[in-house]
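Two complexes follow with subunit A in common, the first pairing it with subunit B and the second with subunit C.
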Partner chain A sequence: MLFFSYFKELVGKEVTVELKNDLAIRGTLHSVDQYLNIKLENTRVVDQVKYPHMLSVRNCFIRGSVVRYVQLPPDGVDIEILHDATRREARGS
Partner chain B sequence: MSSRLGFPLCGHVCVMPLSSIPFNFSPRFSDTFDSERVTFRRPAKSCFVSHHLLHLVAHWNLLSRGMSWAGFDPFYGTSLAENLDKKLLVILRDGRKLIGILRSFDQFANVVIEDAVERIIVGEQFCDVSLGLYIIRGENVVLIGELDPAREELPSHMQRVSYKMIEEARKAEREATELKGSMRKRMEFLDLE
Partner chain C sequence: MASTGEEDSAVKEPLDLIRLSLDERIYVKLRADRELRGKLHAYDQHLNMILGDVEEVTTTVEIDDETYEEIVRTSKRQIPFLFVRGDGVILVSPPLRTS
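Now for the complex of A and B:
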């Protein structure tokens, strides 16, 4: 639940999602769900030449299970809040 | 006239007027996520007033977990419902690219694609193979992309070829990578460094 809440805070921010198949997609985080499935808007593939089939894709749904990394803007992370939330979650369980 | 929402719930049909749900009602989260600037405090159960909603609260967790696929999340959700009846690109774990119209989906991202076409791309060439009606198991789905009809699906320099040609091109590419791999192994054996 913690990361679900965390990603909800990041809705509207520009992120780059790197998938396990090495595809990296940059876009605006539109929404996220409990499985950490991600919906991106205004997407652009990082290496467009290698993935020509993605040329006209502007919005996409990414299954949470295939995400390797979600690269965030450096000012998108408030580490202290994340720390506190993590401690609270650890205490609770 | 207030809009009403009907949905199946544990075998019963519950109807509740949408307008009666308090705006900040969100019983899924009883934890807090504070920040100096904004306090996010999600009241667990205490914020609704209408008694006829009480019996729904206990089921709300079930609902929001199990049914967000239907797009029935009035507050939030990653739903494929917006993409229904649209031409989509589905990328599978094995690298296949299927294009077709989304007809159905569920919470596991199982999807039904109508008039599916597999787009095989090798270098500058591509080929579309017609497949028909497909049910794709969600675990194989990597990405579902909405194809913008205003934009070209592929770069204009790419040429469409026949299935036979694309298969030959694919075979040649596979052999080239295998050769590269075996050459590398041989070089490693020689230990030139």
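Now for the complex of A and C:
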């Protein structure tokens, strides 16, 4: 649940989701769920020349399992809070 | 079975080894011939991770049409703050002294 909580804190911020098929989508994080499925708004594909498939798409739902990376704003959440939450989570499981 | 409720910092299972590397730089080998080096800020039991100041190295092997020799190429990328989904992770380690 750690990363689910983390992403909920990031709702409204700009992120870039890189998929396992190398497609990268930049957009505003609208919502996330326990599977880390992501809904993005105001999306633009990063390399629009190479991937013209989604030129007209502005909002999308991304299945969590197809995500490779999410590039995050560095000022999103305090790093110390992340460290503390990780120690608590890692101990429990 | 002596659980007192206090934080147990003993290393019992593989995930505890990763806990030792929190806030330290680590090396991560991923699927699709990728490697990451960065500072570990968070992880969970799926090996989902958040890394800071990341360098990603992607390795490709081209085969020359005529000579059939293998040309190994690497490309690098810097990403300031990155979430990595755990199902792509192969291994996690302290950084290797290669450079």
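Rule of thumb we're sticking to: the second predicted complex is superposed on the first by the 92 of 93 C-alpha atoms of A that agree within 3 Å, B and C clash if a C-alpha of one lies under 4 Å from a C-alpha of the other, contacts with A are read in each partner's own complex, and residues count from 1 in each chain.
Everything that follows uses one rule, which is that a residue touches a chain if its C-beta (ideal position, glycine included) is under 8 Å from a C-beta of that chain, and two chains touch if they have at least 3 such contacts.
It should be emphasised that the depicted structure is a prediction, and the values quoted were computed from it without experimental measurement.
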Partner chain(s) touched by A:E89 [first = subunit B, second = subunit C, both, neither]: both
Which superposed partner A:K13 touches (first subunit B, second subunit C, both, neither): neither
Which superposed partner A:K50 touches (first subunit B, second subunit C, both, neither): neither
Which of subunit B and subunit C A:S65 touches, first, second, both or neither: both
Superposition-derived comparison: subunit B or subunit C, residues of subunit A touched: B
Touching partner for A:F3 - first (subunit B), second (subunit C), both, neither: second
Which superposed partner A:P73 touches (first subunit B, second subunit C, both, neither): second
Subunit B and subunit C footprints on subunit A, overlapping residues: 6, 65, 85, 89
Subunit B - residues contacting subunit A, complex: 29, 31, 33-35, 65, 68, 76-78, 80, 83, 89, 91, 93, 95, 97, 107, 109, 119, 121, 138-139, 141-148, 151-155, 158
Residue numbers on subunit C that touch subunit A, as the complex places them: 7-8, 15-16, 18-19, 22-23, 32, 41-45, 48, 50, 52, 79-85, 87-88
Subunit A residues touching subunit B - in the complex, by the definition given at the top: 1, 5-6, 8-9, 19, 21, 23, 25, 30-35, 37-39, 43, 52-63, 65-66, 78, 81, 84-85, 88-89, 92
For the subunit A and subunit C complex, residues of the former touching the latter: 2-3, 6, 20, 36, 64-65, 67-74, 76, 79, 82-83, 85-87, 89-91, 93
